[in-house]
Amino acid sequence: MTREDGRADDELRSIKITRDWLDHPAGSVLIEFGRTRVLCAASASDGVPRWRKGSGLGWVTAEYAMLPASTNTRSDRESVKGRIGGRTHEISRLIGRSLRAVIDYQALGEKTIQLDCDVLQADGGTRTAAITGAYVALADACAHLGVNKALTDSVAAVSVGIIDGVPRLDLPYVEDVRAETDMNVVMTGSGSFVEVQGTAEGAAFSRAELDALLGLAEKGCADLTRLQLEALGAAR
Amino acid sequence: MTREDGRADDELRSIKITRDWLDHPAGSVLIEFGRTRVLCAASASDGVPRWRKGSGLGWVTAEYAMLPASTNTRSDRESVKGRIGGRTHEISRLIGRSLRAVIDYQALGEKTIQLDCDVLQADGGTRTAAITGAYVALADACAHLGVNKALTDSVAAVSVGIIDGVPRLDLPYVEDVRAETDMNVVMTGSGSFVEVQGTAEGAAFSRAELDALLGLAEKGCADLTRLQLEALGAAR
Amino acid sequence: MTREDGRADDELRSIKITRDWLDHPAGSVLIEFGRTRVLCAASASDGVPRWRKGSGLGWVTAEYAMLPASTNTRSDRESVKGRIGGRTHEISRLIGRSLRAVIDYQALGEKTIQLDCDVLQADGGTRTAAITGAYVALADACAHLGVNKALTDSVAAVSVGIIDGVPRLDLPYVEDVRAETDMNVVMTGSGSFVEVQGTAEGAAFSRAELDALLGLAEKGCADLTRLQLEALGAAR
Amino acid sequence: MTREDGRADDELRSIKITRDWLDHPAGSVLIEFGRTRVLCAASASDGVPRWRKGSGLGWVTAEYAMLPASTNTRSDRESVKGRIGGRTHEISRLIGRSLRAVIDYQALGEKTIQLDCDVLQADGGTRTAAITGAYVALADACAHLGVNKALTDSVAAVSVGIIDGVPRLDLPYVEDVRAETDMNVVMTGSGSFVEVQGTAEGAAFSRAELDALLGLAEKGCADLTRLQLEALGAAR
Amino acid sequence: MTREDGRADDELRSIKITRDWLDHPAGSVLIEFGRTRVLCAASASDGVPRWRKGSGLGWVTAEYAMLPASTNTRSDRESVKGRIGGRTHEISRLIGRSLRAVIDYQALGEKTIQLDCDVLQADGGTRTAAITGAYVALADACAHLGVNKALTDSVAAVSVGIIDGVPRLDLPYVEDVRAETDMNVVMTGSGSFVEVQGTAEGAAFSRAELDALLGLAEKGCADLTRLQLEALGAAR
Amino acid sequence: MTREDGRADDELRSIKITRDWLDHPAGSVLIEFGRTRVLCAASASDGVPRWRKGSGLGWVTAEYAMLPASTNTRSDRESVKGRIGGRTHEISRLIGRSLRAVIDYQALGEKTIQLDCDVLQADGGTRTAAITGAYVALADACAHLGVNKALTDSVAAVSVGIIDGVPRLDLPYVEDVRAETDMNVVMTGSGSFVEVQGTAEGAAFSRAELDALLGLAEKGCADLTRLQLEALGAAR
């Protein structure tokens, strides 16, 4: 059984990272995982939230959202509904934690970097694309602020899942809805785990399946790390 | 006194209309007025709001929003604040009314077209860019639905204002904040007015100034109408 | 074709301005445009919003609302719905901008005047009655504060529209719902424009029609200015 | 010790009941208890809330609110705050229960009467004025609907309190803030109790004090019942 | 006619007061009135609300809530609905006022005690159980803070009602729904009234009925006061 | 280095499962993991959410919340804040997914079981206690409904973490705040994984550490499964 888009089971979709897609924020990246397109902006400001004032430490936080027309069928706007859904909250928190894992708050100083990850088009893997792109925007923002040392490592994320019994890397929407098990893995450039979130969508999974998925994710994150470095290597 | 970007007083910024920027909605357009960039999507669905059911008539409605990082300094997300601000409400309503002015509900039939205008980057004139782009997305959606007759005319919008006593067309942010008077004008392709909204920002304006601004707007809308037709003339 | 209430096309409804209708606020006016009845209160307080502190400048802001039983059929209460609708937001902002156009913030000093315009009974033209009445309440509040110089001019507003092809002044509800074009115009006592908001309800309107409506509005605002002055001329 | 306004301890303030103060609702009353001024509207509509459909029974409900400028110092608008405060909820519920106590739902039939009590000016006793006025508006609405039999009795309400150890009837604001004990009593025209709500503001009260307050309230409600009947006796 | 649970008309249900049910707050009590079970916690913190700062006075406030599964049929969670209902507001305010009636703010000093009364199981009389239990938690919190003098008296509450014409004490749910009149009475340990809230559920009630209910409540509150003292007499 | 409470690194805290703690819901359990105390209720109702009607399939959903006084320092009530926080949303969704993993919707039929997990006292591991207890309440509810077959397996959850480099099972609050890595694992009684959620709190973790944590969790879930079976073995 081959994948609809012809990829190997352990192959990423075509990844495209466009830096400085916006003029205003300190860093901004349009990242594409196949047809999934996420705009990641890193806005820097002086000062930190009240509970952190005077500590000499910086802060990094994130918000994730989907444009209404980004999905197959239009989704209602959360600002119109007047409340943020659980899924949005969950992903915003995941992105924030993931990026904070590679930040040295001391080196950042009392500054806040706000990451905004807005999904322009969704085709599976929006949260992993968001994390992977947000890292590049964050790196550009740190360079802009002259605090490159505030980044202790890089971070990237990928989804893996079991479809018809086969572990696969980087699921598009058509695979995602059919996955028996779905896992998002966030890793540092040096190969350690930052987040592992696995969910049995259909049937519970065995330890062996879990191990296979983790291996696949390690491979995918390593590939993404390389692509991030390439993108950041170019002049701005 | 010349304009910072070298334009003539009655000259539009560089306008760029990219159709089918998204894969999912029936029509979608990325429109650029200089550095202002608005993503306009037209999502079609069967049925109409409850109060219109069984009438045989269609419905068109619009929502406008700005991405947090679209502005000079980051703006808070309205979904996070839990309420939509007055400005957002006002512009969403303006876009909806403007597009409905060229719709034949009977010809549309009991379908709803939802326009989403999301500002990706703001540099003045976001509402007029939104209306101008939304028309093109709407035209594509009507074509997609096979109801070209539902469009009775085209619609475009432009801002005009008085800066240092001189009436100017299509204000970028730097001019907008300095304008003594600011006016947004929505017109049909055939040259009639749909909306006229003039506001004295600094000093009240005379009838003569008002007349000059209206003349400038007529010129600008005619130019935009031509550009819309050109964009729609190309194969999809 | 004559108007249902027997008025000439360029004639205001019977206007009644009752000052000091309330005991507590610095200024208060019950204004009536025919059956439309709006209670306008100007409450003064020391200090200004945070973003203006220490500037030496004052602030004027406005809120508009309708009582549930003010309309033909009862309207739901916005406090119960838990959110303010777009129309309410829009009108509150319009009233605020209109009154601020005649305020000298320096002369006012670091004080805030809050205008509350509550519609007790609605029969068309509630926003224009609100602006016209709010000016009188504001004038009384300025006198009460001993800062008459803070008012640089007076301000009044009126609606105009085209019904069956004929431009008419000051539309009651029955005319408002039939109007092809509806325009609200706010002007200073010295005859300059503060706001022009014209909307094609049915069909787009020509430049000639627009010009006719503006002329009618100039006449109506001049009449209202005279009535405001008469009301303010009387001892309090 | 005499009262500031010269009244006897068991004397009501000057009560004024103006029927048909509004044109639209089925019944409307402006009621004044001294300087306290409440606009009570009774809007009738066909049908009942979902949980009551098909029962053949009607429904009566109430909402209470204060205009921002009705109080000594301006109060924030609950629609702007986005939530209704506990006090408002409490009083709305009290008014609804009080009026429902004299309604024969069977005789009303599947209709809803919505009572809106909006405080235009507050000087103590707004909830009791609201109940007393709402009854008159309700009676007019029932007459308008041709269901006079739906009213099984009349209802009126008054506040009583102990000031400096002396029980007093119908407290204005200056007395209300000084009261050691504050009680609101709702009674039918035939002299039975509908609601008794007594609160020790300063010190707890004895059974003897409670009995004295109840006696005073009986006197006040009897007076109000007479005034309601007089008002309703006049032709509409 | 005897009561379903075999009690005399003037007899309380079985009352159980368990102190220190929680480890974290300064005082905590699980109180049971028959099957009604309310968890009352008194959390102490330094400082007072902003409007009271620098006064040297303390503050006591209360919040009441029901767990979803506490009721016969599951109730929706107010946090999920996004707004607190009128009944919850009303009871929270009642509990706060009741406890504040026995507090000497001066002796408490600039500290806040927050009472949380969460209904784990509801079988009528939850608000009276909450007040009675909250007093015990408050007493423990004051002891914990070393400010026993801040309590000037004790406070207890009980419900009374008329069922089939007979006044009864401490109504469980089955009696509560059948009561023609329902009254909640809050009294101090020394026998004064703090709150009296009587409501005609079915028919209005006479002065004689009101007097009988008050007598019954005096008996019930005296019994509860004794049980509170017994509970507090035990070592902690 | 030994644990503060003297446990072995792979040992659970003292677990206590009390069935039928409430009278009203179909199943209810008070579960204790040491000092952590969660009340789990399973309320059954006929019918399913709208999007599932007519499918013949049932539904299971969950809500998690903490009482204000359950935490070390009092937490604000989410109903009062008017919005549910991200953490609450996240845990409610996790509990729902976990329990749905062992449900046969067909066997359940068009019924909904609502799980409410309310934390009465928090000392770490509240979400894993909630899942473990909710399973027992769900089993009782299924028995009550006569649909034992609707449960295809059992489910239990436990937290694991690395403290000072040592993997430990079932973390209390004092260990939780010091953990470098924190993982929650949900498993079926038959030993498959339902959810794996690992987070690097301090430093990213290696594959070897991840493997050790998974092994520890397998041990803990097996122990909990045994305790669940014992609890359910007793007569109700």
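For the reader, a short list of remarks on this structure follows.
Per-chain numbering from 1; labels A, B, C, D, E and F assigned in written order.
Definition applied: a residue touches a chain if its C-beta (ideal position, glycine included) is under 8 Å from a C-beta of that chain, and two chains touch if they have at least 3 such contacts.
Here is each chain with its UniProt name: A, B, C, D, E, F = Ribonuclease PH.
Keep in mind the model is a prediction, meaning the values are calculated, not measured.
Common partners of subunit C (Ribonuclease PH) and subunit F (Ribonuclease PH), by the touch rule above, are absent. Here the chain-to-chain distance from subunit E (Ribonuclease PH) to subunit F (Ribonuclease PH), counted in touching steps, is 1.
Taking the CA centroid of subunit E (Ribonuclease PH) as reference, the farthest chain centroid is that of B.
As for how the two copies subunit A (Ribonuclease PH) and subunit F (Ribonuclease PH) face one another, over half of their interface residue numbers coincide. The interface in B-C, A-F or A-B that matches E-F, meaning over half of the contact pairs are the same by residue number, belongs to A-B.
The distance from the centre of subunit A (Ribonuclease PH) to the centre of subunit D (Ribonuclease PH), with each centre set as the mean of the Cα atoms, comes to 59 Å.
Centre-to-centre separation between subunit D (Ribonuclease PH) and subunit E (Ribonuclease PH), using Cα means, comes to 28 Å.
For this pair, subunit C (Ribonuclease PH) with subunit D (Ribonuclease PH), the centres built from the Cα atoms lie 33 Å apart. Our note on geometry: subunit A (Ribonuclease PH) versus subunit E (Ribonuclease PH), Cα centroid distance of 51 Å, whole angstroms.
The set of subunit D (Ribonuclease PH) residues touching two or more other chains comprises 82-83.
Ring order of the chains (start subunit E (Ribonuclease PH), then subunit F (Ribonuclease PH)) is E, F, A, B, C, D. Contacts from subunit E (Ribonuclease PH) toward subunit D (Ribonuclease PH) in the complex involve residues 83, 85-87, 89-90, 92-93, 97, 101, 153, 183, 187-188, 190, 192-200, 203-207, 210, 214, 218.
Residue ranges on subunit D (Ribonuclease PH) touching subunit C (Ribonuclease PH), taken from their complex, read 22-25, 28, 35, 39, 41, 43, 45, 63, 65, 67-74, 77-84, 88, 114, 116, 118, 120-121, 123.
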